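My structure is below; once you've seen it, I'll send some questions.
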Amino acid sequence: MPPSLGSWHDERLRVRLEETDAMQIVYYSKFFVWMEVGRIGLLREVGLPHAERVRRGFNIPVVQAHADYKAPARFDEEVLVRTRVASIGRTSVKFESEIYRLPEMKLLCTGHTVHALTDGSGRSAPIPEDLRAVLTSS
Amino acid sequence: MPPSLGSWHDERLRVRLEETDAMQIVYYSKFFVWMEVGRIGLLREVGLPHAERVRRGFNIPVVQAHADYKAPARFDEEVLVRTRVASIGRTSVKFESEIYRLPEMKLLCTGHTVHALTDGSGRSAPIPEDLRAVLTSS
Amino acid sequence: MPPSLGSWHDERLRVRLEETDAMQIVYYSKFFVWMEVGRIGLLREVGLPHAERVRRGFNIPVVQAHADYKAPARFDEEVLVRTRVASIGRTSVKFESEIYRLPEMKLLCTGHTVHALTDGSGRSAPIPEDLRAVLTSS
Amino acid sequence: MPPSLGSWHDERLRVRLEETDAMQIVYYSKFFVWMEVGRIGLLREVGLPHAERVRRGFNIPVVQAHADYKAPARFDEEVLVRTRVASIGRTSVKFESEIYRLPEMKLLCTGHTVHALTDGSGRSAPIPEDLRAVLTSS
């Protein structure tokens, strides 16, 4: 995939008690929930809210997910989830994420997800040109 | 609703780290997840697995949920989820649940859920006689 | 418990994909997660953020939870979670919740939780007067 | 890390409704919950249940998590979670996972997690020789 980095989309979240575990830190899988909140927010910002994707009949299921954990998050803290398009291939798109604790902007986690576009019948499909355009210029 | 109590259906579960919170006990909403595991198990046992309900085009969404918490559950403990049909009305069914810590059978939680049968178009519908029969004799 | 209703505290949330289920609506236990977000927000607003409760060594575990579901919530919708103190007893407090779909303010769910104050050793304890005062006037 | 592959530990799970999402498949972060169920089961099998790790005052927080998704899992399906020690370094251990749909053993997901041992004060610490021994021979 050629590099075509978009700009960062920011979402602020507050850690819910439900997201913590008995180690008194946020459970590791929850960072992927936050990355998804960031992706959905980015897609909404570039004009592709969920309703529009449903109308056009395509979907972008996750084919790879990765996280590197740097420091824990704790209950009631505020975190910043930054998301951008890392690269776009013919049929797939890669988002990357950085998650920080606020207000000090301490880096807690970096990660990425890769998604393969599928059409209405669930088959892999090329990314439409207009979608590629908005994601590239995001 | 006339009482028509069925017999108890048992499911054993082990507490997952994801189900605990920073208070080092199981987060309160997770007991409702366990109650649902119990209901699905009871329905499977009486011959109504999910696939059969989908085939017949009906659904049983929750209209009420209630829990009374007696004692906490903790990570890695084994729990027993007991479920039975508490009563059946013309268009609704009530399940009740008791959740125990094993092996000492300490009662952790009692609760219930009420479900309204809906047909394929999502409208409330009378409970079919054969469904009523298996639930009553469960 | 004598009635001592406080005013409503509002939190706006957007439905996450993780909160939905295969019925394409929000899973029933997630409404209790939202109720907790509302409670924590109310407590923060009246000057009792989590850090302060930890410092003072008390906790307010849930002893009862109840929800009545009126209409489903769906992915990417915005919801309003309203929370208020319903009543305060000698050792317990009851919060009530109303959850609406925005922007049309369609009522999705009503519910309540009852909490028993515990001291640092986990024993039931009377609600301190200053806590009672802020909750009553919330 | 020199390779020191242990044997596979197997856990069978049934997909819960709570684990699915509005795409009618299991939500991507839930595979990491299942991987953790597998790890805890493996550690219990080799004589390191959670209670023993608490007693000895060490912890094994996740520092990296990775998943490659091959095919979706759906509500009420049975899945097999296979887990083994992939490698052990001086202060870290890597587990790998394979998740299959039963009964046909269709591969749904492969993944791994890397954990850094920490002592009672939360600092990185060398893996004790007896722990290394049981993990290597697992």
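For reference, chains read A, B, C and D in written order, and residue numbers begin at 1 within each chain.
In this section, a residue touches a chain if its C-beta (ideal position, glycine included) is under 8 Å from a C-beta of that chain, and two chains touch if they have at least 3 such contacts.
Quick caveat: nothing in here was measured; it's all calculated off a predicted structure.
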item: Duplicate of the A-C contact set - from B-D, B-C or C-D, the pair where over half of the pairs recur; value: B-D
item: Chain pair with more C-beta contacts, A-D versus A-B; value: A-D
item: Distance from chain D to chain A - Cα centre to Cα centre, in angstrom; value: 24
item: Distance from chain D to chain B - Cα centre to Cα centre, in angstrom; value: 29
item: Interchain centroid distance [CA atoms averaged], chain A/chain B, Å; value: 34
item: Contacts with two or more other chains, residues of chain D listed in rising order; value: 17-18, 23, 25, 29, 33, 36, 75
item: In the complex, chain A residues that touch chain B; value: 17-18, 20-25, 27, 29, 74-75
item: Chain B residues touching chain D - in the complex, by the definition given at the top; value: 14, 16-18, 33, 36-37, 40, 49-51, 75-76
item: Interfacial residue positions of chain D with respect to chain A in the complex; value: 23, 25, 28-30, 32-33, 36, 59, 61-69, 72, 113
